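Same chain, two partners: chain A is paired with chain B first, then with chain C.
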Partner chain A sequence: MEHGFLDRHSDLDSPVHRLDPRCKVLLALALVGAAVSTPPQHLLAFAVYAGLLAWTLALARLPAGYVLGRAALVLPFSMLVALGLPFFRGGQTVAVAGLQLSVAGLWILAGAAMKSFIGALAAVLLVSTTPFASLLAGLRGLGLPALFIDLLALTYRYVFVLVGEAMRLKRAAAARGYRPRWLPQAVIVGRMAGSLFVRSYERAERMYGAMRLRGYLGRMPAARPLRFRLADGLTLAVLLPVLAAVRILAR
Partner chain B sequence: MSPPAPVPPAPGAPAIEVADLGFRYHDGTEALRGVSLRVSAGESVCLAGPNGAGKSTLLLALAGLVRGAGAVRVAGSEVSGAEAGRRLGLVFQDADDQLFCPTVAEDVAFGPRNQRLAEGEVAARVAGSLAAVGLAGFEARSAHHLSGGEKKRAAIAAVLACRPEILALDEPWANLDARAARAVTGIIRSFPGTRLVASQDLHHAAEVCDRMVILDGGRIVADGPMEKLLADAELLEKHGLDPGGLCPRCRSNLTGRAPS
Partner chain C sequence: MHIPDGFVSGPINAGAAALSAGALGLGLWRANRQLREQPQLVPLLATTAAFVFAAQMLNFPIGGGTSGHFLGAVTAAALLGPWNACIIMAIVLVIQGLLFADGGVSALGSNVLNMGVIGGLAGYAVMRGVRSLLPAGRGGYLAAAAVASWFSVVLASSACALELALSGTSPLMVAFPAMAGTHAIIGIGEALIATAVLAAVAAARPDIIPEWARLDGKADQTGKVRKSVWALAGAGVIVAGGLALLGSPFASGSPDGLEKVAADQGFEEAASEDKVLWTKSLFPDYKVKVIGSERVSTGVAGLIGTVAVFGAGFAAIRFLTGGAARPKG
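Here is the complex of A and B:
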């Protein structure tokens, strides 16, 4: 089955890839937190956030087109929410191409664009430099509940299996001439969803059996402990104060 | 003098004892009816039979995943729940059901870690099991990036890492290409303990098993040496098995060449 790789390029080697996943998760969270809470008028602050991300992108030796393209996927969604604001927000207005637009509304729009793009870019950089298994180990190391990590791990493992099964059902229907055009035909889609549910349920039962046979007692065994090295400490010691300083100055 | 025993339990000691086992699924399907079977340590047994004969159910019962009426003993102790998995390692037909961890290494380490082994021993078992199935170097791969054959081998490695005395496999050659199937045959042959293989691929099974048990309609209908039952075309045909192994056309292409 053809599918996107969530953590594509995460198996490459670079100084960023080698950082402890906990360190990367913390930095990504700090950067997203700083960017989201910075008022949009402080363009310099956003330039610093973008600069840090660009530097990470260069250090990680990731293909820029891939990373930027993936991060840009978020823009249509965030823009859709904020697009109406320049028209309805009151206060001072400015004329653009014959339209009276609210200045405050325009700033909110710009802020939404910058913040969502920076947030998505940070997330894409994180998963592109950290294999999913390490990311989970990092989240567990940061104190996320083990059950939640197990759920994430199983979801990541089986979402592709499930998508594959759905694709096969769809193809099987198409191969027998199913071309949905009228609403009553949608019944078939409902039946497919039902069959998918039954299959998933049965798979879950077999899987649980396999887990019990290998000694599962309600909790995934902890993987090898992570190692926090000097490079991780230095990276955090330099970048966290930088982010804090930018955020405090941009008031 | 007899040759030294290849496995810890002496050959001839009972590995599997099933007495009058019956099992009925929730929907009323009677999967097993009065099955009695005794397999000695070190034996290689093929469990053959048509679709729906009860082969998979019997394996599940041996592993303790389904509980029917009747006695099931594995390696000398009563099976009452899935802890029999330590003695009997079951490889499922669909490897996707058995590889549930983010990476191959974590999957293979799952069993040993649940046995509370030290990390050094876990690492040694992971390396050893992956090497045994020819997947050294696949540690960091995730299961959904593996081919069908690689998935099957990874699932076997995950079971081998638990060091079972008995290796049971459900249709190990299903959906595999010829090369992957040969690899699986090699892995089963190199397992030193008792082997139980449920399969309809008799030409593959003949390479690893010396005894054949035919199951049909939840009952054992034949039990004997592999060659003897393989020669009984009528019996095989009657129970939905392929007596020829190779199609007549393929055989005519092979004439003149020495059979391998």
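Here is the complex of A and C:
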């Protein structure tokens, strides 16, 4: 897994990229919070949420296919969880292609699809317009514990390394003819994971040595201070009331 | 098991987030104290979180062409302690939620509750409990880790089903057998992997597992083992009986109907199209399990899982205790 794979496009330049990460995190949380709590019947409210996200996408000058495709990955899973609903909910039913489907169940299904897609879209837009390091600085600025932020930063750095090692182990096993077919063969995966853990542990020992040499005593030095500018204040001042109003009107 | 946005209702989400935040806060407070003595904990927790993330991408087969993946909560708890395991799972879930849109941002509280607090902390509690029933040696340690790993996966998925049901998203009679049943099988893989990881770590770096040196490899007395095996089996039968009693009314009802409808109406094809979409996804093997496992016939899966886990449990205990135990009727 190459570096820069996860927050691809976050180093571009656009009005959205330039916003303070704290501002973007707050807006994303507000939008997702409003969307998940809106009853699914209020399609107009969901149109507003989707419109705001589409506007952000256009302003951020991100490739639309990439962003929408990433966000759409959530849909098959949410559909599988919710697909049974139209059959199990009671109440008023509607006939679709010879099937009696529950109206309430269909609404829950539609709501789950819209909400999970909007949530995923908001997350993809957030990480595609904010380099992960800035995102962490923003989360720290919003009050998350320093240790948790340090751990997230280091984990993010080493996820690439360890995923790469895991993929090499997998390739090596496949090259030796490992084609697992039944459950007990999971033991092989366990041995692979065991060797992966020992490598990750020894890497942590080397990392600690290197960090110690550079003066590490249990806390990472602070990153560049964030600057909350007028544009950030204005964006929040306009969009938060809009979201609140939509959420209140869509009861 | 990663819940997306919009599946858990506000109050359930708030409650789950409060519990998760509390457990995580306590865990971070303890880690901060531990840090003063051993600052090397920071890189270790980070690489272990990266390890759990990477190990979750190693799929294992669960039969029928479907596959599951490792969770890692109990393994992390055995290696670094339960509170650190809770932190590790939370880190993994935050990165998965933010960067992969795998698990919704608003459902993070529920996901951390299921996989970090229940998977890690409760899983470790199970491990402690089972260890007290088993002989104190290394075989007992590994067997306890295996049993706890199975429970961590099944309990986490049951909690997930309960949250979906309480939110009105999915009726309990559908969600519970589907989740607990399939994860009863995935849990066997989890147990096998956890045991293999701990055994591999103990072989390569015995100093990593804090209590390994103190565990005795040979001195298990046969009588003691036999007694412990029966105690464990008794406890297991009681738990499984309880689960079966609770679960069977749900399992015998509608899921079969759903599957029949799905087959009649061609939804199964839709599901396989989903599968194609997933295999084209960024991580080819990352998610297929969810699609596949949901389609496993749920009630039957639970039954097979319960039977199989007893077989596997006995086999594991006999293997790990060097055949010292001979539970014979």
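By our rule, the second predicted complex is superposed on the first by the 233 of 251 C-alpha atoms of A that agree within 3 Å, B and C clash if a C-alpha of one lies under 4 Å from a C-alpha of the other, contacts with A are read in each partner's own complex, and residues count from 1 in each chain.
Here, a contact is a pair of C-beta atoms (placed from the backbone, for glycine too) under 8 Å apart; a residue touches a chain by one contact, two chains touch by 3 or more.
Everything numeric here is computed off the predicted structure, so don't read it as measured data.
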Which superposed partner A:Val32 touches (first chain B, second chain C, both, neither): second
Should A:Tyr216 be classified as contacting the first partner (chain B), the second (chain C), both, or neither? both
Between chain B (first) and chain C (second), which does A:Val161 come into contact with in this model arrangement: first, second, both, or neither? both
Counting residues of chain A touched by each of chain B and chain C, the higher count belongs to C
Just chain B (first), just chain C (second), both, or neither: which does A:Ala112 touch? second
For A:Gly177, select first, second, both or neither according to whether it touches chain B, chain C, the two together, or no partner. neither
Which of the two partners, first being chain B and second being chain C, lies in contact with A:Asp11: first, second, both, or neither? first
Between chain B and chain C, whom does A:Pro131 touch in the aligned arrangement: first, second, both, or neither? first
For A:Arg203 in the superposed arrangement: first (chain B), second (chain C), both or neither? both
Once the two structures are superposed, pull the chain A residues common to the chain B and chain C interfaces. 132, 154, 156-158, 161, 203, 207, 211-212, 216-217
As the complex stands, chain A meets chain C at residues 6-7, 28-29, 32-33, 35-37, 70-71, 73-74, 76-85, 87-88, 97, 99, 108, 111-112, 114-116, 118-120, 122-124, 126-127, 132, 135, 145, 147-148, 150-152, 154-159, 161-163, 165-167, 169-170, 180-187, 189-198, 200-205, 207-208, 211-212, 216-218
Residue ranges of chain C touching chain A (in the complex, touch as defined): 2, 4-7, 10, 13, 24-25, 28, 31-32, 35-36, 39-40, 42-51, 53-55, 57-63, 70, 75, 79, 87, 90-92, 94-95, 97-102, 104-106, 164, 168-171, 173-175, 185, 188-189, 192-201, 204-205, 208, 254, 257-258, 261-262, 265, 267, 271, 274-275, 277-278, 281-282, 287, 290-291, 294
Please output the residues of chain B touching chain A within their complex, sorted ascending. 60, 63-65, 82-83, 85-86, 89-90, 92, 94, 96-103, 106, 109-111, 113-115, 119, 140, 142-145, 158-159, 162
Okay, in this complex, where on chain A does chain B touch? 3, 5, 11, 131-133, 136, 153-154, 156-158, 160-161, 203, 206-207, 209-217, 220-224
